[in-house]
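Could you have a look at this structure, given as structure tokens, before my questions?
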Amino acid sequence: MAKYANVNELSDSQLDNLLEPPALVQNAETFHDITESVCSIAEADRMPRSWYVLFTLALCFLGVLGAMIFHLFTTGVGVWGNNQPVAWGFPIVNFVFWVGIGHAGTLISAVLYLFRQGWRTGINRFSEAMTIFAVCCAGLFPAIHVGRVWVIYWVFPIPNQMDMWPNFRSPLLWDVFAVGTYFTVSLLFWYMGMVPDLATQRDRAKTKLRQFLYGIFALGWNGSNRHWHRYERAYLLLAALATPLVLSVHSVVSFDFAVAQIPGWHTTIFPPYFVAGAIFSGFAMVLTLSIPARALFGFKHIITMRHIELMCKVIMCTGMLVGYAYAMEFFMAWYSGNRYEGFTFVNRAFGPYAWAYWTMVSCNVISPQIFWFKRARRCIPLIFVISIFVNIGMWFERFVITVTSLNRDFLPSSWNYFSPTIVDILTLAGSFGLFFTLFLLFCRWLPQVAISEVKNVMPSAHPHGNHGEVNHD
Amino acid sequence: MNHTAPTYSADFATAAASRLSRAGFLCGVVGLAVAIGLGLAEGDHMRHFWLSYLIAFAFVLTLGVGGLFFVLIQHITGAKWSVTVRRQAEFAIGTIPFLAFLALPLLVPLFSHEGVEEFGGLLWSWVHPHGDHAALITSKVPFLNVNFFVGRFVGYFLIWSLMARYFKNASIEQDKTGEHELTVRMRTRSALCLIVLALTYSFAAFDLLMSTDPAWFSTIFGVYLFGASFLAIHCFLVLSTLYYQRQGHLKKMVTIEHYHDLGKLMLAFTIFWAYIAFSQYMLYWYGNIPEETAWYLIRITSPWTNWSWIEPIGHFFIPFLGILSRHIKRKPPLLGFWAFYILVVHYIDLYWLVAPNLYPDTVPFNGVEVFALIGVVGLFLWKYGQQAKQHSLLAHRDPLISDCLAFQNY
Amino acid sequence: MAITGRLTMTNQTSIHGILAEFDSVDGILHAAEKVKQEGYRKWDCHTPFPVHGLDGAMGIRQTRLPWLVLVMGFAGCSGGILLQWWTNAHDYVFRISGKPDWSLPANIPVAFEMTILFAALTAFFSMWILNGFPRWYSPLFRAKCFTRATDDRFVLAIDARDDLFGEETRKLLESLSPNTIEMIEAPIEDGKIPLRLKGMLGIALTLLLLPPAMIANARFTKSTQPRVHIVPNMDTQVTHRGQEASDFFADGQAMRLPISGTYAQEDDRLIGEQVGFWTGKENGAYLSSIPMDVTPEFEDRGRARFGIYCSACHAVNGSGQGTVHLRAQELLSKTWVGPTDLRTDAIKQQAPGQLFESISNGIRNMPSYSSQIPAADRWAIVQYLKESL
Amino acid sequence: MSQYHFPRWSNKIRPLLAVVALAGPVYLTGIVLYGASPETLNVGYAPEQPVPFSHKLHAGDLKMDCRYCHTTVEESAQASIPPTKTCMNCHDRIHTESPRLEKVRESAKTGQSIPWVRVHDLPDYAYFDHSAHVTKGVSCVECHGRVDQMDVVEQVAPLSMGWCLDCHRSPESHLRPVDEVTNMSWTSEIDREELGAKLREVNNIHPRQDCSTCHR
């Protein structure tokens, strides 16, 4: 709420700059309007036609994924382009890419929550769902890359007939714990936030079946303030726990590379650099999804221009953090005096994969610079294009890290050019099918916006009298 | 919704600031004099004194530049909670030109030919590469040479001073005019400044501290120092606010909620520091590549072992548990204790980063360090107090100040 | 003043409480303060979002949830450390990548994740459990105005079980100027789980017993079927092992004989210079001594080999009354010619070379043992026969 | 608008949910753990052999030493199934008409091996060396059980990796004097652990546990 002195003296552009537009929610007078605009989507008998088109397309890609995985299981990992010296190819690139995408959700829901950024409410549900589906896609790749997927349970510390335990000194096992914990906590966070909204949908549902199904998952929520009290505290605790968690997950993913002695991988800035990159790509994906969704489902008053502009700023900022890491790596490669390290970076920029490297730099570091201009931050088509550029750039970042460090390793005799097979490419494409199928189903049946939280940032949600203050001491 | 906007008045703490300033000056002069005296008595070409001076200087630099980071971040994020404490950070950044002056004595160990035979340079052995790594270090000469080094520092301080001047003056200007446009402009400019600051500060960290072991390198080193500086400035703000409140200022303007927020950020950056420090350690420990682990090897073998334990335990676990509870964050004197504690371990951290490089076989720590720290911090407070003497302790016409006082931690 | 008769019964329904609906945050806050002042205990506010200030107005005390989470966070952390110590440094020690058995730095990521996981699960589940969820049934849902408590209305509900519940309650609520006031009436249900559901549960439980029964059966019975490869992995590879059949070679065997004309070094047929050693004869005459160093080990070996290869027929004492002989006699005395008593002078006087030849090539009913016993061992047996028997 | 209301008993499902949540994973783990265990899947395998050879008769009643037939057990990795010739050492004269030995005689005549069925079959990626065990005092009994009491040989040990490792980690209770390895009925006069510890020292036994010991 705009409360500061002399608010009337400010011009419109100043107001925008101060992040104080009249309200976070526009054109919605009452709480009921919010309920109506969010719930009516799931209650509608039909979706917009484009939903069906997209869903069919997504299903096709999902089918491709299924076929590729079947092919992989029945034939073996030789169907991929992975070989010596590039033993880590597409699967790890895709894994890191998807985990990265999965970072924005928890960041928005947890970190921005802790920083009291009210604007998160418009997009948090949305991006949490995105997180969970992205982590599903991410988890897929390490699971299938083991080749013999039926022994994947070996990564868990459960007793087995070999009397062996997993090797906890392996960063790949840390991944299992990190990604597993991340998925669990994100799911809890997402579901917990959704329960009051599911209750809303339950109470609005017209058919018995819907009342029953939403009712089951709403757990009997009745909005009791005694419940809200513990609920809010638990939410805060989860946010406080999810914040270091979100940092740790991509740090652990970065350890996969950084604990190795491979030049270009073994560098200390990797953990924060990967985290910044993850947030960067995650926000880009939130934009890629929310721009069409807000148009399609009529959320322009909830996901406002202000939200989009803020996300552009986050993208620009994290893009520069990533650029900082690129620069530091380059400088240290020279400064360290390590010739292998130096060679790796020259090889990245000017070697056989220079095309990938420069794609990465232009997409990640150069393209977001346009967001310095306010007009660019308000031009929806441009933002959409840039967000896609960033997604591409961040995929290439992982590709560059993985492949360029391996393809010319310590032994020049084993140098080789990695090229993916068609199965690699179709599996990557198929993972998008999985992601979008889940996402479109989410859009169809579940509240896409955190209804109760959006209501909470509306001006009429705040008491005006001097009611009993909570004594915190 | 049409509240009549409350107005706030300026809060001049001339007397309190003067006292601080005078005490600082006294400490500075006495401390440095004693430190120099003790250093001379050691007869080691003043190497120990210069080490102590370097660390003490780095300590106040983290406060000054940390303050600059703080101010820039408050502007770029449009933070409301911090408006009533921001002015104190602005005083801290006002000392940056003076810090450049404090850096001047470091030219002595840089140019001195004392002890060249033994060490290659009193603080920076790359000045005259010698020993096992001479060839490696020589290959870094395009970057590590005295002229470029001095040139870089001139550049850093020029840039930092300009930024500091702008952000301090604009804020003070707002006290007079109340112009909102200033807030808008500061926000716009903070973005670019932040990038420049991040780059310059990283390189300053490499130059000043990391290059004391010219063979060693770490890409995260800049971030390490960011983390430490953020932590330091928040602690400093808690202590400074406590001081002024005890002197009868800012009574109503800095509430429990602000302490709570500062406490939360102290906790957050304690964790962030640990995260960065652990990442660096773990990756080098795991990789176990000789040129990288050597740095840690010195530190985890006697006589530095015990000092190294201070890092995880004293710099992370103890303060983490100390300020985890909201009850502690909401009790200013307790929080003040922890802020002071963290500043102490922050100094130890800086010392630990550098001293083992110069003294692998002994822990030279003694009165020289203590008095040098008292001296340099005293001089820093002297300038800090002088800043505070002239201006209001409160950015009382900042457009966000009402919001700053309105929020509550749920 | 308390009014008795907390449950006002009608025919099929019972009164559970009373609702007052408000349409603004201020309304509910004001009402909550009043109800609290009156001293009600069993009442609640139901709102579509958490209304800040209501906790204070209702006098709700801070939850203990953070403490639970803290404790479980520590439990997760120490559990994680313990797990890694026990599995990797104690129970199954990995000596790997040049790290100490107990490498704490490498264990921190997992310990950290376990801390977060435990703490988060605790926060989530404790919250629901403390709130008494899931609670699908509640008479509140029967109230007409209650459906909007999750939309845009703020509802204050006083439970009929409250000591103060009665006519005054309605008056109090009316004085707060709500939109509407409604009694919570719900049909009386006995709350018993239907028999059909219980039956289904019973069947499910019985079905759950099947797998353990199958496992027990497999454990306690024998089977002529080979091992079950749940997952074949690489249990069976294309390589061949000794004595396996193979269609690849004409003779159907995987094991190959040496290329003709070549012999293994220890092969009997590699006669070479030591003709006597291999045949027991030199220049047509039996060797009169053993062509090997006679050491105590050699003599022990002779006794042991005699026990393995000879004693079945010749008996341990050489009497010829071995177990095989006894059994053969029992079965078919007619065709069976008993083994020689090795203690007789006839045997004792034979030259070592002759004994060696008999073992190697067989004699009368005794088959050749050259394929079963290497030459050196045959000599050891000869030594045993000559000297110890 | 009629609304669906959950019946009152639905709240009673909560304890059931708790039980399922807590006991379900335990049950599943238990089923997988025991169901997929080699003790369930492998132990008790007693295939029908082409010739009903009885170890109980030969090794038990006739007290023939294992090595009479399995001659290579001390020298090579494999204990080796004896060739038909070994059978014919005696059966040339004994039971010459027995129909049960028809296949043996046929084999001796034609030179075609008898297709014995392998009972103890390790996966192909596991390497096991009989000689290394037998010559260090690990008896046949330890893995194959009391073969001298079996008419039909069956698998008594799971032969799983965990089972191998058990012994490699603490071999004491599985060691005996080297000359007693084929003595099926041997028992120790003193405590086996104690004896094992002594033997371990005398025979210099350090079982390896690294992967390449068995997976080579």
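Each chain carries a letter (A, B, C and D) given by its place in the written order, and its residues are counted from 1.
Methods note: a contact is a pair of C-beta atoms (placed from the backbone, for glycine too) under 8 Å apart; a residue touches a chain by one contact, two chains touch by 3 or more.
Here the structure is a predicted model, which is why all the values come from computation and not from measurement.
Asks: Please report the smallest number of touch steps linking subunit B to subunit D.
Replies: The distance in steps between these two chains is 2.
Asks: Using the mean of all protein Cα atoms as the middle point, what chain has its own Cα mean nearest that point?
Replies: Per-chain C-alpha centroids ranked by distance to the global centroid put A first.
Asks: Tell me which chain's centre, taken as the mean of its C-alpha atoms, is farthest from subunit B.
Replies: D
Asks: More C-beta pairs touching across which pair, C-D or A-C?
Replies: Taking the two pairs in turn, the one with more contacts turns out to be A-C.
Asks: How many angstrom lie between the CA centroids of subunit C and subunit D, rounded to a whole number?
Replies: 19
Asks: Distance between subunit A and subunit B based on Cα centroids, please, to the nearest Å.
Replies: Between these chains, centre-to-centre, one finds 34 Å.
Asks: Taking each chain's centre as the mean of its CA atoms, how far is subunit B from subunit C in angstrom?
Replies: 54
Asks: Any chance you could list the residues of subunit D touching two or more other chains?
Replies: 3, 6, 36, 38, 165, in rising order.
Asks: Using the touch definition from the top, which residues of subunit B touch two or more other chains?
Replies: 282, 286, 408, 410
Asks: Residue numbers in subunit C touching 2 or more other chains?
Replies: 52, 92, 99, 106, 134-137, 141, 147, 233
Asks: Under the stated touch criterion, can you name all the chain pairs that qualify?
Replies: Listed by label, chains in contact pair as A-B, A-C, A-D, B-C, C-D.
Asks: Please output the residues of subunit D touching subunit A within their complex, sorted ascending.
Replies: Touch residues, subunit D against subunit A: 1-4, 6, 29, 33, 36-38, 158, 160-163, 165-166.
Asks: Mind listing the subunit C positions that touch subunit B in their complex?
Replies: Its residues touching subunit B are 52, 70, 98-99, 105-106, 108.
Asks: Using the touch definition up top, name the residues of subunit A that touch subunit B in the complex.
Replies: 1, 3-7, 9-10, 14, 17-19, 114-116, 232, 236, 244, 247-248, 251, 255, 258-261, 266-272, 317, 320, 324-325, 327-329, 332, 335-338, 372, 459, 472-473
Asks: Taking the complex as given, what residues does subunit D use to touch subunit C?
Replies: For subunit D paired with subunit C, touching residues are 3, 5-12, 14, 16-17, 27, 30-31, 34-36, 38-48, 61-65, 67-68, 71, 77-78, 80-81, 83, 85-86, 88-90, 92-96, 112-113, 115, 121, 123-125, 154-155, 165, 179, 182, 210.
Asks: Using the touch definition from the top, list the residues of subunit A that touch subunit D in their complex.
Replies: Result: residues 158-164, 206, 208, 211-212, 215, 220 of subunit A touch subunit D.
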